[in-house]
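Would you mind keeping the following structure in view while I ask a few things?
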Amino acid sequence: MINKKVANISEALKGVSDNMTFMFGGFGLSGIPENAIAQLVKLNIKGLTCISNNAGVDDFGLGLLLQQKQVKKMISSYVGENDEFERQMLSGELDVELIPQGTLAERCRAAQSGFPAIYTPAGYGTEVAEGKETREFDGKMYVLEHAFKADFAFIKAWKGDAAGNLIFKGTARNFNPNMCGAAKVTVVEVEELVPVGTLDPNQIHIPGIFVQRIFQGETYEKRIEQLTIRQRA
Amino acid sequence: MTENMLDKNGIARRIAQEVKDGYYVNLGIGIPTLVANFVRDDIEVEFQSENGVLGMGPFPFEGEEDADVINAGKQTITTLPGASFFDSATSFGMIRGQHVDLTILGAMEVSQDGDIANWKIPGKMVKGMGGAMDLVASAENIIVAMMHTNRAGESKLLKECTLPLTGVGCVKKIVTNLAVIEVTAKGFKLLERAPGVSIETIKSATEGELIIEGEILEMNI
Amino acid sequence: MINKKVANISEALKGVSDNMTFMFGGFGLSGIPENAIAQLVKLNIKGLTCISNNAGVDDFGLGLLLQQKQVKKMISSYVGENDEFERQMLSGELDVELIPQGTLAERCRAAQSGFPAIYTPAGYGTEVAEGKETREFDGKMYVLEHAFKADFAFIKAWKGDAAGNLIFKGTARNFNPNMCGAAKVTVVEVEELVPVGTLDPNQIHIPGIFVQRIFQGETYEKRIEQLTIRQRA
Amino acid sequence: MTENMLDKNGIARRIAQEVKDGYYVNLGIGIPTLVANFVRDDIEVEFQSENGVLGMGPFPFEGEEDADVINAGKQTITTLPGASFFDSATSFGMIRGQHVDLTILGAMEVSQDGDIANWKIPGKMVKGMGGAMDLVASAENIIVAMMHTNRAGESKLLKECTLPLTGVGCVKKIVTNLAVIEVTAKGFKLLERAPGVSIETIKSATEGELIIEGEILEMNI
């Protein structure tokens, strides 16, 4: 068994530096790598390009990096719950590339799986396709989209072992599995690091080969963005 | 207004009639989310949310919410027996691969060619397209749920969209507070009127080509 | 819950006919849809195009269809354990298209996920790439390979429920998940059909949306092709 | 022959020295499979098989075999703690995405440009390429394990391959019963001799350009 466990968060983020490109798992605030983000805030590295479906909220998630103006560019599909984000974008401080959500997922998977590019119908005929190669297959139009190139992927899983095997929970799974192995270094934080051999080999969502470093996160706030409940009858 | 324009729930109620037994359905944020409340009890339907869940149930009771179980609107949800969770690439595989039978989403504008704009107002609102571009580019069956006019009273059913597009030639049907409309090769074809709403009202609220053939019945809701 | 359970094997295979294209899960004899194959032998439909990693052995798996000369064309990556196959191929009775294993898997996944084609480096510079479009990305050459188009996919899972949710076991998983939803109709046989709600939603390998019909197979021989053991010390 | 040409286990033993701590390794059928038996005990290595398993262990004891747990050679296997199973698309994602560190496979011919042929003899043998084309097109680090000559005594290290290719310019290193050879821009560079085997023997068994620089030591196995 090849050991991926690191001693602490400093070791987990060893090698991060200014002007790098990072991937962050998560959808909204669900399944985001809270501990890695906190450490990046602490390190205060700048000029980052962040690939993440969303941009957090003002005071949580990637919003924390935006607050400190650590982010040069965001590549996201939806950024609608963040006032500071909007301010930086409209003022031109922040470069923003909005891309379809399925395109985002698949450009990650392409990087993970060694595909240079993919053809997707999403965005054809829209400004997303401007300047991009398009092509017809069987009477339908597709846009050529390239695999991402990232330095680090920051992933949040539910459980994992020292071999780097991962299991996700609920919709906190989202982009996390697709980003594993899609960057030069994949850093995973888990809620619970379990002994090797306790995860059923049939039930592992991401095999350890896609992971370089793993650690158990110290705390998880797991903030709920839109608490929505129904009344008991 | 003296006419009975539909409210959001009315629109959702009418759209629910388009949901057939055995359909997998993706519901967008806003009015589309309400559709789930009006689907007949005697048919089997499963709701997909693009953030990675199939088989969504109602919102949770207080205290039973789980930060790890949300829908694409970031709302806490529950799941029904037979539900499954999956990653984003798989989720959009379902959508792009046309395994989802029906997509219901909101719009800011729809053109008579079936173009849709719903993700950006240049200089004003830039929230992003989320999964909407994938949904409209892939789905065989797309229904738009929206008000017939915007807050300024201007038609949202246009000859051509003025806002940045989400997709081209993809919308098949539109249900508004005034009417049910089919997008045809010749333009917007009026299928049904909201109860008590006159054809004249619909005409004046529709900037694009409106086709009226035969008797236009009121919605049966 | 949308019910995918069919009453019996006849209903499961309803609609199959001569000259169709079928996908079959399985690697060697592991994870093959034994019951569907037996029924296809019984129905004795002809002129079939079969997409399957292997072609079975003389008297089991797809070898049974070959024996009855039901197969017009095989699309496979490795066909080396079947004498009757070799005889039919060398005599010209059988049309054979050999393609790289990873290409086979991904052409299935492309069909499942709505991608018209993919770029893979496999086969570049070989006869596999002859007549195909090739292209350079970042200094490396790739071959354009198209999504499969199939009428039926025959899948073998370990457990499943009436909603069509599937779980696979061990390496019997192989191509099975990638073929689900990759044909017009996906027919799944399982060793055990479990009540809806008993499978953990986090642990489902294939959600039911990719499946049209499901049934519990009557018997499974699960023949071992290369029994290999070590001596106890 | 009086010289100590290696047997298959000898080749596997030498190749095992190329396997480093922390490597994920894919072993082909035949001699490559034997490599697992000779990897040092004090390093951590995981074996991947392209049919969908990572963390393969030894063959099972009699009675403990499972038809659902096999390797790419269709042999029954076991798994070690930390193992995982996955589908074929994911498996080739590992390979194509260069997550597998080392690929060891057999060959019928290798050219001095690093081309490899191992899947077809026109008119004679047509078993198919299996995963070999994906492996050689993707892997950064490919070692070929083979006999230096074929049964007819002809060299398998050629100026150009005569058989249909499996991949072009991909082989980096070759370990045969006679020698360890590196594929360089100038041709086959002799790195080591099998114990007791003369340079002259290797030369005469190598049809392609053989580069001999400095002292050529015997393998240390």
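Each chain gets a letter, A, B, C and D, in the order it is written, and its residues are counted from 1.
Throughout what follows, contacts are C-beta pairs under 8 Å (C-beta built on N, C-alpha and C of every residue); 3 or more make two chains touch, one makes a residue touch a chain.
Note that the structure is predicted; figures quoted are calculated from it, not measured.
Chemist: Where the contacts of chain C and chain D overlap, which chains show up?
Modeler: The common neighbours are A.
Chemist: Comparing centres built from CA atoms, which chain ends up most distant from chain B?
Modeler: Chain D.
Chemist: Count the C-beta contact pairs for A-B and for B-C, then tell me which is higher.
Modeler: When B-C is set beside A-B, the one with more contacts is A-B.
Chemist: In angstrom, rounded to a whole number, how far apart do the mean CA points of chain A and chain C lie?
Modeler: Going by mean C-alpha positions, chain A sits 33 Å from chain C.
Chemist: Express in whole angstrom the distance between the two chain centres, defined as the mean CA positions of chain A and chain B.
Modeler: Computed value for the inter-centroid distance: 28 Å.
Chemist: CA centre of chain B versus CA centre of chain C: separation in Å?
Modeler: 37
Chemist: Return the distance between the CA-based centres of chain B and chain D, expressed in whole Å.
Modeler: 56
Chemist: What are the residue numbers in chain D that touch two or more other chains?
Modeler: 53, 85-86, 89, 92, 95-96, 138
Chemist: Specify, in ascending order, the residues of chain A that touch 2 or more different other chains.
Modeler: 109, 114-115, 120-121, 168-170, 173, 201-202 - these are the residues of chain A that touch more than one other chain.
Chemist: Can you work out from the touch definition every pair of chains that touches here?
Modeler: Between chains, contact exists in these pairs: A-B, A-C, A-D, B-C, C-D.
Chemist: What residues of chain A sit close enough to touch chain C in their complex?
Modeler: Of all residues in chain A, those touching chain C are 114-121, 137-138, 140, 142, 146, 167-170, 173, 201-203.
Chemist: Which chain D residues qualify as touching chain A in the complex?
Modeler: These residues of chain D touch chain A: 22-24, 44-46, 48, 53-55, 79-86, 89-90, 92-100, 138.
Chemist: Which residues of chain C touch chain B once you look at their complex with the stated criterion?
Modeler: Within the complex, chain C contacts chain B at residues 1-3, 109, 111-115, 161-163, 165, 181, 196-197, 201-202, 204, 207-210.
Chemist: Report the residues of chain A in contact with chain B in the complex, numbered from low to high.
Modeler: Against chain B, chain A makes touches at 27-31, 53, 76-81, 86, 89-90, 96, 98-106, 108-109, 120-128, 158, 168-178, 205, 222-232.
Chemist: Where on chain B is chain A touching in the complex?
Modeler: Residues 49-53, 58-62, 64-77, 85-89, 91-92, 95-96, 115, 119-120, 126-134, 137-138, 164-169.
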